[in-house]
Structure formats: C-alpha cells, structure tokens
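The structure under discussion appears below in the form of structure tokens.
A, B, C, D, E and F are the chain letters, set down in written order, and residue numbers restart from 1 in every chain.
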C-alpha cells in the first residue's frame, strides 16, 4: 500500500514538474523531404520520446529527385512518404511547395522560414550549413541563417506573432572542409533509436530504394523485401563518429562516448542565441554522463 | 403528437435537400483588407444568410494605408479589423502578408491565389478587373485571372489537390472605361442587407474613418459617435445603380429592379467557366423575379 | 533532244525565279508543345508544301500538362511528340525549357524570343494575343509583342545579328472579346490539308488523347485505335469559320470562300511591319482568288 | 515719367498676380532621351514661355539606340544631348540610368517615378499609353500609371514627402488602335513654337540624324549642314492634326483650330485626378478661343 | 606693406599645401540608420575634426526597427534621427529608402552603392563583413564588396563618372568567427572623442532607448533624462579593445596603445586597393606614435 | 610488304587504344571573354595537343570592359577576339550574352551552365572560386558550384540529357586569402606552351592592350607592334609559381618541378567528384615525373 502511495506521489511530482517545464519545441529544416531525417532523425526520436515537440520542414517538395518520375506526380509521392516518415519519427512533417533543384534565397522563402519558426515557438532550430554538395542544401542554410534574429522583429512577417527570444540555431553535421570544417558543439548518441531512425527513413522509398541508389549505380543491389531493405539502409547509413564528433561526445557523455556507434553532431550558429553549457543541457536533456 | 411527426418529417426533408444541394463556396479577392467588403459585401451577406460559404481574401496586409501609422503596427490593426468585419459579414476573412502598395503579379503570388481557391473548393471567384485606379487593385485582377484554369491543373501547386472544374470567375464592378467599360452580367440587389454591409464595413475603422477621409481632405467631417459614423459611411457609399447595372437587374429581377436602391454588379471573366442562365440562377440563388 | 532542252530551260527558269524569290521564313510561337499546331498548323503545311520554311517554337516544355505524369519525365515525352509533329507538318519544331504553367514575361525570355526570330530570319511571326484563357498563352503574347521592333536593334542581344527589317507580326485566332475581339486581317483556307493537320497534331498523344480529354471529363470517350483517334480529333477540332473569318476569307479568296470548311485567321499586330495588300499577297502566296 | 509709373504699376500687378498664381509644375516621362521631346515638346515650350516649370524624365539612358555605338559610351552622348535639348526647350531634363531596351515594370522603377513626380510637386504628369510599338514605351506607360494615386500615400517612398493631391495624368498621343484608340481630351496648337521644337529636338543628333534614319534605311538622305538638318527634321515630323485631334482642337480653340498645322494631343488617364473643363483651362492656360 | 607681403606669402603657401593635400573622402555604409555610427563613429569624428569629409550611408530606412511603430511613419523618424546624428558627428548622413529587414544583394542596390562611392570621390570605403548576425548587415557587406572595382568601370552606372582608382575598402569590426575571424589591419583609438560619439549616437533615440533595449528585455532600465541616457549608452557601448585589436593598436600607436580604452578596428578587404603602410598613414592621419 | 603490315598493325592498335581511351572533355568557365585564357590557357593547350577536347565559356559578353566603347558594339568585338583566341588555343570558345558587370547567380544562369557542362559531356569543369576581386568572377564561381551535382539530375534542364557521373570540378588559382586561401591540389607546368598561351591571349586586343593597361594607368606603355606587344604581355603575365604551387608541382612532377617557370594551379572543389591520385593522373595525363 505504501508503495502505491509512493508511486502516486512520484507521479504527481512528475506531472507537477512537467507543468513547470514546458516541453521543448524543436524545428528542423532540410532542402528535400528526406534531409531532416538524415541530419537529425535520431535526435528527433529522442526528443519525441521525452515528450518534446519536433517538426521537420522540407523547403522543397522533392519533385526532381527521381530518374523515372517528376513534377507534381513525384511531389505527391514524396509528400506522402514524408507524412509516413513523420509518424514513424514521432514528429510533425511539413513539405513546402518549392521546386526541387530550384530553391533560391529569396525574401519570400525567408519569410516562410520565419513563420514556421514562430508558429512552432521554437527553442531550437536545426539546418544545414551554407556549404554542402547540393545547391538546395546550401540555400536552405542561407535561408535559415537569414531568419535568425528576424524571428523576434515584430514588423517583419507582421501576420505571425514574433518570438520573444532568438532561439538557438544549430547546423547539422556535414563533411565539407571549405571555407571551414564542421565543428560539433553538441553531439547526440542515437544508438538506442538507430533502428527506429532507419525504419522511419525507409518511409522515403522513392529516395532510399530508388533515386539515390540509381545515382550511384547501385539500383540493382537494392533488396526487394522489407527486412532486406532495412538492413541495406542501416549498412549504408552506419558511420562511426569521426574524431571531432567523438571528442564532442566525450564532453557531454563522458566515458560512455567511447562505445557510441551512431551519433548526430550539431554546431552552434553564431547568428542565434549563444547558449551556456547549462542551457545546452536543458535544451538537450538526453545529454547525460552516466 | 402529430405536430411532432410533422416536424420530424419536415426536418428530414430539409436534411435530404441539404444533402442534395451542397452549399455554394464563394471566394472574393481584394487588394486591401476593405476591398472585398466594398465590392461584394452585400452579396456575401446574402449568400451567407442562405447557408452558403463565403471567404474574403485580401492580397496585401494594408500596411501602407494610413497617414500616421504604417508597417507591421498598421498591418496588425488592419488584420484585426478584417477579422471583426468578417464576423459582421458572416464570412471567413484572410489577410495575406504582402506589403500594401507593393503587390506584384509574381508566380509566387499567383500560386497563393490558386491554393486559396482550391482550399475553398470555390464555385465562384470574384476579383477586380485589371483596370482600376490603384496598382494593387490592378495586379489583384491580374493574379486572379492568372489563377483561372490553373486551379484544375494537378501539376501546378501539387501540394494542394486541384479543383475538378474551373469555377466561374467574376469581375466586381468599377467605373473605368478604358480599355473597355465594365459590363455587368449579374447584378444583385442588396437593399435588404445594405445596413448590415455598412455596419460590417465600419469595422475597418482605420480606413473608413481615418485614412480615406484624410486622402480626400474630409477627416474633420468624420463623426465621432458610432451612429453618426454609420450614417456618414452609408451616405458616402450610397450610389444608385447606373444604367448598365439597372438593365442587368431587370434581366434577373424583372419589375422589382426599378426600385432597387443598392446593387452590386459582376461581369463574367472569359477565362473561367462560362455559365448558362440556368447555372447563374443556381450559383446566385438570390436572383429571383417576384 | 528538244524535250531535254526544254526541260533544262524550265529548270533554269525555276532556279532563276528561285534566286529572285527566296523562300519565306515563317516562325510561330506557342506556349505549349501543341499550341502552334492548333493555331497555325494548316497554314504551316501550305507554306511548307510551297517550299517556304516554317519553324514552331514552344516557349514552355509542357511539363505540367498531364494528370498522371509531370516534370522532366513529361517534358521529354512532349519534346519527342513535338519532334514527330514537326516532321508531319514539314516544319522545324523547337521546345524551350521553361516550366509549363510558370511562363513569365521576363527580359530573359524576351531575349530568347528575339534570338529565335533573328536566327530564323523571319518574314512573318505568329503568336497568340495577350488575352486568352491560359496565363502561359497570354504571356507568350506579351513576350512576342515585346520582341517586335527590338529584333532590328543591334545593341540588343548583340550575340545574334539583328534583322534588317521588322517582320510582320500576326496574332493567331482566338474567341476572346475583351478588351477587344479578335479581328482577322488574313484568313487561310486549310481544307486541302486539314487531314494532314489532324494527323500531325495527333503526334501529341499525351495532349489530345490523354490530358485535354481528361480535363473535360471525356477520357473514356477517346478511341484506342489510330483511325478512331484521328476521327475523334478531326471532329473535335472541326469548326466552321465564324462570321468575321468568313468575311475575311471573301476578301482574299472571293467566291471560293463560301465553301471553306476549315480556316485559320490572323490579325496584324500593330507593333510589327504594317504590310500593304500587295505585301500580304507576297507573304501569303496561298491567298488566291480562282 | 508717367510712363515709368505706369510700367512700375503694371510690374507690381504682375508680381502680385504671380504671387497669387503659382507657376504650374509639369512633368513628362518618356522611355528614351528623345521621347518626351516628340510627345510634348511644343507644349513644354509654351508652358515654359508662360513662366511655368517643366521637367522631362527619360526612364532609360538610351544606351541601345545606335547602330555603331552602345553601352556607357552611348549613354554619355545621349545624356549630353538631352541636357542640350533641355536648354533649348526651356525645361529641366533628367535621364535615369536604366538600360535602353530593358525597361521593366518593377517596383523599384515605379518608386523612382513616384519620387520624380513628388519632387517636382507636379500638377500635370504626361506619359505614353501602355500600348505603343516599343516595349520600353509600353512599360513607361505602365510605370507612370502605377505611380498614379501612390504619389499621395505617405507610407510609400517615405523618404520623399507625398503630394497633397493626385495630379492630372495625361497620355501623350499615339496612333495605335488596340485595345482602344487614343482619344484626345486636350490638344495644344504648337504652330508658334514648332520651329523651336524642331531646333530643340535636333540636339539629339545621335537619334534624329543617325539612328532613326538608319533604321528606316535613310541614313544617306540626312543632310550634313545644320540648316538642312533642321528642314529634314521639320519635314519628317510635320504631321497635320488627324480628325480626332482636330475635333478636340475645336473644343478648346474654336475657329482658330481649323488653321492649325501642328498640334500635340493628350488623353486624360482615368487613374489620376479627373479635371473639370475649368480646371483644364487653368492647367493649360494656352488653350484659348480668340 | 611688409605685413601684407607676409600675409600674401602665407596665403600662397596654404594654397600650395592645400593643392598638395586634398582632404580625404571617407564613406561608411551600414544597413540601418545607426550602424555606421556604431562601427566607425569615433573614427569619423576624428576625420571630421582634421578637415576631412565623411559620409554615412544607411542602405535601409530602418522602417522595421521598433516594437510599436513601423513603416513610413518609423522611417521618417529614423531619417530625422540620422540627420541629427550626422550633425553631431560632423558628417553627411544619407538614408536610402529600402525596407529594413528586406535588403537583398540586387544589381539595383549595388549600383546605388557604386554611385554613392563615386559621388563622394571616396578614398576610403567602410562596411560590415558579409558575416554578421543580421541578414541586412550581411547583404550590406555583399553589396559593398560587389561595388569594389566596379567603381572604376566607366560603362557601369554610366550616368556617374567613375573613380580613377579603386579606393581602399575596409571591413568594420565584428565578433564573428566563421568562416574566419575578423582580423584588424588598422585600429583607431577614439578615447578623445568617445563622449562625442555617444552623444551623436544618442540622436537615434528610437533605437538606443527604445528598440534595442526592448529586444533584450531592458526597456524599463532606460533612464528618462538626457544625462542618464548618455551614461546608460556609454556603459553599454564601452568595450575594452580585445587582444587582436590591442595588437593592431600597438603597431600604429606604439606604447600609447596600452592605455587605450576605446578603439575601432578595420580589416582591409582584398577586393579594393591594398595600401602600403605609408599609404595607410596618409589615409589615417590620426594613427601616430607619440 | 612487311612494312605495310607493320603499319596496318600499329594503326589497328592505335585505333583500338583510341576506342579504349576516349579523349577527355574539359570545360572552363570564366566571367569575361579573356578569363578562361588567363586561368587555364596553358593547360588547355596541353590538353588540346594531346587530342583532348577543351571548351572555354565566358558567362558575360564583356560589353562593359573598355574605356571608350561599350554595349553591343564592344560585345561584338570581344566575341570576335574570343573566337580568334579559341583558334590559337585549339579550343572551342563560347560567349554567353549576359551583360558584363551584371552577372547574377540566377537559376536561369545556373541552368545555362548545367547545359554547357552536359552538352560537352565534361570530365573536368574548371571555374574561379566564389572569392575574387570582381563580382562577375565571384558569381561565376557560385554559378558553376551550383551546377555541380545538378548535372546528373534528369528532371533538371530536362531538355538536355544528364551526365552519368558528376565530373571533377576544379577551382582555378587566385591570390585571395579570405575566407580561406587557394590550396592547389593539381598544378600543371606550362613552360613548353607559355609562348603559345601569350600569343593566344593576345587575340583579346581590346583587353590586354587597351582596357586593362588603361585601368592601371599604363596605356601609354603598350607597344604598337606585334612583337613588342607579345613581349609586353609575356612580362606582365610571367609569375613564378608561389610556394604552395611549387609544393604541389613537386607532388606531380618530382624533381622537374624545381625548374618550372610557369604553372597553372587547380584546387578540387568539394561539390564535384573527389578523384583519387590515379584518377587525377588519368584526367591530367600531362602530369608526369621524368
């Protein structure tokens, strides 16, 4: 009986704390309907499981990413795949209707990004750096950078109430060295949810089992069965943390870092809020030394 | 008991008829947050009272229309006024966040118009002609023209399901003669709802009692009290149907037309569906000979 | 031997005349890969048969014109169909790579039109009026208008030698009345080549047997066999000359006009060369009274 | 002595009247550095001689209008010619630095037009109609139309104080019939200043004696001497008022109209102030019956 | 008589020296009407006091920078504040009429920058780097970079005579590290004029005492009285030179550098003239070792 | 007889080898009609002499690059000079008709670059980095970067068949340090063809003997005679490889590097294919240790 009372008590405390600590709002921007997934999918699952709210936004509708389909027909398939992926990740998934391969850093697009960030009341904004191999990725980086600070200016996009504070803007990890290499400030171990990430990513069938294998000449190596496909994707996407990420993991996870198999790294963009270590820990509650 | 049975019966018949005849969906586009009201406000009230659905869309946020305010501050006031006006008209009111005085016929804006029309599943689309005294009015006319037909093309704005049929596009009445005068095909007597139209329009305080009187040098003649203001606005906006409108009214209302004090005229745009007389009567059920 | 001499003689005379009378260069602009065909296909066949040179230019690649395909995939099909149609018409067919449904009257597009006209050394330029039901059609009209006169200015598009004289610009026939109705100055009887026109148009399979029937809800009425399809298309496209066209035909053909079953009308654009009756007869050698 | 007193008296009266009646401010827009001259040069001289202020604004720098020069080199020549022409006309002449042959109806250009009108505190604005043979002419017409009304809106081009009243906007005469013919509301007899107009126009040497004769194949017919050139230009530009202009002249000049050899006609644009007959007489003080 | 000779002599010497050493022309670009002041205000005062000419140019009108005002209304306030600040700094202050928060690196804007630099006959051009927290700042950096070199090309902006030599372009100091940190080549001690800088900056009341404190949640801490405001601003803006600036100061000032309390640093942009040490000393005559 | 057999045999072997090793396709992009020449002219000659195919593409027509000419007139001169240079280099030379000094990173321009790369079936693409002293150079860098990867996407520029593999993209050498210095991965000794490079470059007379000397105040030092001009140009353009290039040369040429007088360096862009050492040797067959 006492046990039950204790449990009830602890439940109430939890609820009380939850009431005190609002869930975090995380928004991730990608150029195409599978980019957020690759860049921050594991972290998103972890946030989601802890009761926080995550939104993925693709700035293009992906209507150029296939060898045998295209246009509105393809866009509709990719939007449906993104919706399914969102369910699997436990996140909301929005696809903006810009042509794939034609994303430009216009004011119009910047304002769309500003409104998405405001409507999500974001604490954390994640996007690619403005250097990456695909022009749409680079201009996604530019557009999200250009939304930083402007999200708090009431006269800009006056139809959508501004945020009270500039959120933390983070760059997702990439391998590019020029003009300066990616330097992770935060890195999240996603081993526990790696399989779920792969399963969620697999919802983008037209991408991971059609288009991308085709571009690398591997279309014939893609398994036909569900299980085989998940293994294929897991092998393809499995990449040990590199040296810089490993160093970063150690900072946040201590000894645990050494065994990490899968991680997602993030660099703090200088144009958003510059969080302290304490703030980072509050914003990334999954970062914990054992 | 019999009474109850009768009531039930009549209820069932109503529901059955309702099932047969879906409510009409009417969408009106204007350049500024008071333009739809002036152009089609009375007709909108009539539609609304008959159970049909009407939406007003302002393509700009009206952030230039004042002598002592401007920008986001003004936009917020005008959006709030529009929401209030919408309630009084019995319509949904949407204000797009484009700068007042800067509306351009871009593809981006055209796509926004296409999506609005599709999402409203519109049977009737109303907009100004591309000739009028204000450039924003003219480009509103161009943008809505440019949306005609495209609303049925699935590959355009693929994120929003296309309409099955091109709706009827109507121009709202204006006094301009070049390159050709406005020629009403449809005209609606709004005498019964004229006072409601004036009351609803009066929600745009910053316009009808501040800005527009200021531009004509009449700011000092604007009454301060509610009643006085409504009279002021009613006098200002009271205009006997002109010859062309009167002729048109006769076609649709017969003898009743002669006594009409207030009417709203519409010309069928050649780029949308060309309705037969029967279809017009279905689409404008308030057009009735005594 | 005498026969041979005669033949040689007549050959020389032909060559001599040919040297005197260069073949005419006719260029037709349409918005989509089937528009030139509909507007001026019969006239093009007649020109071509007389040894004159005709070019069709579609300003968009048609990548939005289908209900089940789109993008680059559809563009490639439509380009192939256009090439086949070109062969059947006896004309050169060029498809510019602009998105269907997104044609805008940019300077960039105007310069492309200027270069096409110059490179073809055009005597006659044909395009839609800037009023028509499809925005791409209207902007095709604007773009070709905007190329008139500029084709003779050496400093514009300096990489392509200018024409020495502004060609005759003609609008192709349409049914629109506002701001002013189409008024044919020239009309060509195409009865002799109507079947060839239909056969050539039928090369645009994705349009005439898929997309356009779909938009009008007639997809199920399209025959599957070649012969049936040609009849279906011929019936659909068969339209007796209207009153204005008939009047125009009389001017050029005299009594013969009364029996004409199929004609293509053209209005002289005020922004190009204004040809005299004699010049029109030289430019349209098929216009002949019996 | 009495004579002197009389003179002094009349001088005082003149000054007094001058104080009462401010000089009118007239601004004329053209696409190229010689267009204002052709369209309204005679009228401008008459205004100027009566003490009113006239400004000519060319929206492009004319850098494409020659067969053997181009770019900045040509622009500098044309700007210098315009300055000289301005002196001869008695008007201020401004040349905006847009490329000739590339004028587009952008917001940026519209704002430049708005500022010019405001800074000149214009009572009268003259510009071509949006239909004419040269795209730059048409877009000049569009840009000036788009400035009408906006010149009184304080939130637009906020760096330049707005006008208190929308000026009268006039279209200058052209010969184009579609979509509707030019209809003069005002016409000015310029016989007394025709020679001065020709002399002033002759300042645009690169145009009237080089480029335009070249485009019509008459370069070899251009005289080399000053006197010959003036005669050549006077003959070329001499055109009896057409029927519509003649009718209009009669309204304003009465019997005198019949003998008019040279006139400039203007049509009132519907988007500016609509002046009464009395106002027109005040705005065009040279309109006088004998 | 001798006195007169002496005077004449000294006059001649002055004139001769003046001929040798013209005053320097310095132009500073900022995104908003207070940015030049912060970046180079102290240096500007020093130049001005030595008889050199300084111009501040704000590329936007600042019409978004407030929480309770906006648009043209705010722009007019900010222009007036800038004019007052210009007086206090001893510089000319120009505000271009672009919307705040919407500055884009267009060709149009680049040409405006080119003309400003040319008209000022600039020896030195100062602007932010293309990396900073506000998109308007970044695009100001891009626009001024894009004007470098082009200022000497006569065919570009042909209405404004080109400079004979590419000026020295300098970046003003910022704290951003990516893609590379700011590296001062020149640093100016402004201790002697720091109070004047603060007083001049204080002219931007809507910024330093309204908007910026509001964005950081400090609006209630802003003093109401003049003296208190100056202290508040001085404390806020007081920042000891960082290590890199200190090193740079030593190069130019020697031992004096160690005591410097306030300094403004500048990095030489690679796209303008690369000055030698001697040239830097001539261009920055306030750089002097004791 | 045996000799003939031997010859035939060797011929067959040659043909067989030729079948195995197709000639390489190299495409070089520059902003102006002389930029490719300077950046990669020597390397182009070497490729060409070995039987490989090289194309130079200038993204602007160079119509602003002179002090006494401009516009279309200058463009035509520069196009002719480029054609002549192409002959001397042994390469194809294409000049796109964009205004010099106005190149912007538009989607339209990017698509032109994509089509050029595809039509040339390029193995190697060379362009400037997006940091250089001239805005046209920088935006050439951006445009070519933005074409990388997109060249393999079939839905983009669907009228031109995509490449099967992303080519190697190389930056040509520059001296700029920010945001990061040029780092050569490949460097080619051009001593053997330096004189040919100078002779080919000399075809751009308007540049190397007019405009560029004028900008540096050296117009009077330009020799009038052919021989003198070549010497003048050779001296001007003679620059010993810097330290970084020398290091790179050693990697590829071994000891031979030490004596190199003239070299052209290239840095591998991260956005194209990342070639292995073996692949680099195949792509640059002139890189050989003795």
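The rule is short, and it goes like this: a residue touches a chain if its C-beta (ideal position, glycine included) is under 8 Å from a C-beta of that chain, and two chains touch if they have at least 3 such contacts.
Only a predicted model underlies this, so the values are computations on that prediction, with no experimental measurement involved.
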Using the touch definition from the top, how many steps at minimum link chain C to chain E? 2
Touching chain D and chain E alike: which chains? B, F
Identity of the chain that, by mean CA position, is farthest from chain D: A
Most distant chain from chain C, judged by the mean position of its C-alpha atoms: E
Have a look at where chain C meets chain F and say same if over half of the interface residue numbers show up on both copies, different if under half do. same
On a C-alpha centroid basis, what's the spacing between chain B and chain E, in Å? 52
Let me have the rounded angstrom distance from the C-alpha centre of chain B over to the C-alpha centre of chain F, please. 61
Which whole number of Å gives the spacing of the CA centres of chain A and chain B? 43
For chain C and chain D, what's the span in angstrom between their mean Cα positions? 40
Residue ranges of chain D touching at least 2 other chains are 63-64, 70-75, 154-156, 158, 179-180
Going by the touch rule stated at the top, which chains touch which? A-B, A-C, A-E, A-F, B-C, B-D, B-E, C-D, C-F, D-E, D-F, E-F
Touching chain A in the complex: which residues of chain E? 63-67, 70-71, 74, 100-102, 104, 131, 133-135, 138, 176-180, 215
Tell me, which parts of chain E touch chain F in their complex? 107, 110, 145-146, 148-150, 152-156, 158, 179-180, 270-271
Which residues of chain F touch chain D in the complex? 63-64, 68-75, 99
Tell me, which parts of chain F touch chain C in their complex? 61, 63, 71-73, 75-76, 79, 95-97, 108, 111, 154-160
